[in-house]
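Okay, so chain A shows up in both of these, paired with chain B first and chain C after.
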Partner chain A sequence: MKRLLLTTAAVLAGSSAFAEEIRVLNWQGYGTDIDWALAAYTEATGNTVVHEYFTSEQEMMTKLRTNPGAYDVVLVNSAFTAQMQAEGLLAAIDASKIPNFKDIDPAFAGNEDLNAGGALHGVPWTWGLTSFAVNTGDFATPPTSISVLWDPAYKGRISIRDDGLEAVQLAALATGQNINAITDLDAVKAKLTELMPQISTYWGSENDWNQYMAAGDLAAASYWSGSAARAISKGLPVAFVVPDEGAIGWLDGLSVPATSTKQDAAYTFIDWMIDPDFYVKWDAEGAPATSNMAAAAALPETSFNRSVLGDPAVVAKVQFMKPVSDDDRAKYLALWQELKAAQ
Partner chain B sequence: MSDTLARQDRLRALMLLSPAYLWLTVAVFLPLSAMAFFSFLTDLPFGGRQWSITLANFAAFFQTPTYAILLWKSLQLGLIVTLLCVIIAFPCAYVLAKVIKGRWREAMFLLVILPFWSNSLVRVFSWAIVLRGNGVLDRAVNAVLPWDVKVNLMFSQSAIVIGLVHSYLPYVILTAYLALQALDDSLIEAARSLGAKKRTILWRIILPLSLPGLIAGAVLVFVPVVGSFMEPRLLGGRMGTYYGTVIEDQFVAVFNWPLGAALSFILLAVVLVILAVASPVLRRAQI
Partner chain C sequence: MTGARLIQLSGVIVDMIYWIDAVPVAGAEATVHRHALAAGGGFNAMVAARRAGLPVTYAASLGTGPFADIAARALADEGISILRPQKAHLDQGCCTVLIDAQGERSFIAAEGADGVLTDADLALVRPAPEDWLLLSGYALGYENSREALSRWLRPGLPLVFDPSPLVGAIAAETLASALAAARWISANQVEAATLTGVSDAAEAAQRLADGRTGGGAVVRDGANGCYLAFEDQLTHVAGHPVCPVDTNGAGDAHIGAFIASLAFGDDPLTAARIANVTAALSTLKEGPSTAPTREEALSALLAAASVT
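Moving on, here comes the complex of A and B:
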């Protein structure tokens, strides 16, 4: 905490901004609006924070387009950063004004979507994975390949989510393709056709998934890293697997709108959000993985975000999701529906 | 004088009917027209989105065989469930109407209607507990049989059919019961006194006379089962993709309301055609 105060004091000393009101645009309940964090931030900097929420990326972009100057910090998923940068909605980030930026994993800091237009337009904040988890009752040691989903030994005890895009991307991983540039859709289709008889049911919610797994109905099923962390902390016998073939990743960044008039104050808030002290407390409440290496290292050994996602070897295997065109989305959905209808 | 009386009658009739018509307008006609309108749009006219009139949603049905396959699957499911409901319901209704008398009949009747008092979702989840491997059914069978059998009906077509038959059986029992109760016992006695065998009485008297009730029940079951989505999704697992679940997906998962509405109206049209084709048979049965 002392370090935190010092860094913010340093930032404040370097800027003329004092006691500003920062307007943040984010999903509700997603880190930036935690009461204790905001209270501490206001106490340390004098700045107050006002939130506005969006319920879809489209809504967020519409708000930025139609209310210039109304927001100072906005959460942007990396799949959307390039498009918004091209529209001129985002300001380039001056990383020198964010002291904690030096601890950001260089792989994230150099992410080509966040660096759209040749300059950083989003500070990497949190990330997570879509991969699969296994029942530790069936697997004494977790498998290392996604091919277990196709293993006849587990026929009828496999599940994936009922989602065309996710199914296609998992099959793309299994066929050794780039999830963002699927060239051989026929191979994906063939692979999914093989997968179908393995599946007992599709899962729809975290609750579904946890119940099936607790009852031993499933041996392996696709899952999200954050959900797996919660399942493990509840004591379910599961292990999250990031296979050699790779995993589907998402990355959220904090950006500053081009029209913000309080950019220096916005930097202090972003710095607060990527600070290890904040993240360690947030992790205890159930947070996604952090992009800050110092924050990941400060987590307790038992934390899922440290033991599983904190491993650089894991991060290296992740394929971060890029925007999917409407055409591709429709194509994947049609393929998935055709496969489901054929059952 | 008679003129004013007739007018008063008309006025009274109008006043008495108006709540019903108002209700039909608000609860049936308006939502249906809104859906019919949506089915011709390119996008929903909410939130300042661009939209125009199109037939593409209806064309989508014919562009891939997926929807036709699923519709065919749903129609087959409807037939199977309806047939099973009729076969099970008829003896039940007969026993209720002709065999059991007095207070016992009330008690049995209550048992038939009882499932209606619980939420359909609860019923489906109870079936899930019964049907799954290591579930109630599995344990019961293994407790009785000396050898080891694995009973896991969950996530199969059988599970869907069991769940749907259980949900819709009361409709057929009730309609068949009403028809059987209206049947005059003296007809059966007369046939018996003339030496007719039991089977002859059943085929020549009881069944033809109770057919209107059975058919009304069958229609009540067939139509919703063809469009059902909850039971297939929860009990069918991987096998649970039907026409109804695809429509549900359009509304809740991919937010393509126009396509969902178009698919719904195609289903409505197909069901109406089936009922129209069957109507001569149905009408003959009613006479």
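Moving on, here comes the complex of A and C:
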């Protein structure tokens, strides 16, 4: 694979008259800026990579709007792709210039949000889930339903985050609703009202969560797939659950700004980032799940991103988050505030 | 994603602020020009850290009731999460703040849920090595939080201690537990003098920093900036010149920005510079929670550097 990749990259690099400097806009420490990967990419293609970081999606969009031509690759969460495409900030992707694109899971390649405006505007890169994990000390066999969070047997040993949107979406799953089109908010409210007495703490960080679980303070708690993978790799007695009711998904794509003047070079970098060779090494350092089926298949069988998230049946259960309107967000936050204050 | 955060151990109260000509004598009534209700106490430093871009968790107590609702809304509006369910049957404390025509402030404070911390509450506070804890002297003064805090505080915590104006009233043993645990102390000149018995801010900073492994002391000196004592070095960090409108909460803004800056990996001198600018910019708007963003503070710092 490495040889094939190098050949591909060399051909692509050869199509340019000279090496390019690619400017990448991403969260800091999120895959694209790993030293060893960049060194290998530069060695293979001659292109160099310069990073600029954002700390919020709003900041990322502002940078793209105010600095046309300054960036060649940008990390865009799928919930924001449609808005950015509508604003004309993103170029349509020419997948024929990305050899590894053929191995992207069709479920991701066909994602409605990434295909905003009727054309692909983000190459599916990584994804993850908000679901829950359980203490294996309490559960010899992991449960298959989210209803375990409501089980009175675990009263006082349940935790979720202090996050209105996440709480409402978890309750939407538990009441059999579409997280992106909640039609029965009363049912969500009733479900969350039943959940509140179960909760002993609102976990605020991975460290909180891992320590509470290690101490046996918690039996089950909402969690992120990437964090669960790290907890399991540290030897914590936890199992991540993608219940029958489904889970909340996020999907990150690599996009090319419409104003990039180095789009061919950008494609070589995106191809490098979705390549199984890169992903397998990144996974060993704690990567999110990959959208590339060949990359997932290349992982060791015990890898979380293969054994838990590499199953197409899991992907099929996921409800990927769409943008939440300001009105809905305000409604959910007000509901959450009301429930917390009613204790 | 995970990373550093600020964990606030000091309670949020609700300030009932009255702008008046003069504090009335007993039996008289003041003429009120304006009034406002706002979250205060431990809130202001959290806001400064949050606006600097640092995630913040509120680990002191939130109650239930009309004042607690105001505090909870303010926390949510700033994106500050709470660590524990709200305490039932106990409202948040409140503070009547009288601001007279000369800008002098008088306070009448009553504690509520903000003054309660139990051993079980504190058992849920599990700072990661990269996290920062903030504790003010107010929490050490309250009858229903000081003992649990004294038992819980121990050396090695990533703790910043703000003695607060209450410092002189804190029981010696309780105060000693906070001073022993603190990695950094951030005090104003009066508080530093109370703690050390030394009125010179520079010397007080050195004394407060003495023996503090991996940390030190900041003595805030209003418009003059601050004194930073760290690793046997004393530095006077000049203030950022502004024409202040309202200095209320400037000390809290300084502390929040200093912690955020350290959390982002800045060295203490840089953190003190950013804190000075943040505190100065916070005085340009009326109100106690008016800290600028980190970008605004850095821009002002760069602009000032290019002038000098």
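The rule is short, and it goes like this: the second predicted complex is superposed on the first by the 329 of 343 C-alpha atoms of A that agree within 3 Å, B and C clash if a C-alpha of one lies under 4 Å from a C-alpha of the other, contacts with A are read in each partner's own complex, and residues count from 1 in each chain.
Note that contacts are C-beta pairs under 8 Å (C-beta built on N, C-alpha and C of every residue); 3 or more make two chains touch, one makes a residue touch a chain.
Treat the numbers as computed from the prediction; the structure is a model and nothing was measured.
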item: Fit-or-clash call for chain B and chain C when the two complexes are aligned on chain A; value: clash
item: Partner chain in contact with A:337 - chain B first, chain C second, else both or neither; value: both
item: Contacts of A:244 with chain B and chain C, given as first, second, both or neither; value: neither
item: Touched partner set for A:207, first chain B, second chain C, both or neither; value: second
item: Chain B versus chain C as contact partner of A:21, first or second or both or neither; value: neither
item: Chain B versus chain C, judged by how many residues of chain A each one touches; value: C
item: Partner chain in contact with A:311 - chain B first, chain C second, else both or neither; value: neither
item: Touched partner set for A:196, first chain B, second chain C, both or neither; value: both
item: Clash with chain B (superposed arrangement) - responsible stretch of chain C out of 187-195, 205-213, 241-249 or 259-267; value: 241-249
item: Overlapping contact positions on chain A, where the chain C interface meets the chain B interface; value: 162-163, 196, 199-202, 333, 337, 340-343
item: Chain C residues within the chain A interface of the complex; value: 1-2, 5, 53, 55, 57, 64, 68-69, 72-73, 76, 81-88, 124, 126-128, 131
item: Residues of chain A that touch chain C when the two form their complex; value: 27, 30, 55, 161-164, 196, 199-202, 204-208, 211-212, 227, 333, 337, 340-343
item: In the complex, chain A residues that touch chain B; value: 162-163, 196, 199-202, 215-217, 333-334, 337-338, 340-343
item: List of chain B residues in touch with chain A within their complex; value: 64, 66, 69-70, 73, 132-134, 154-155, 236-241, 246, 253-254
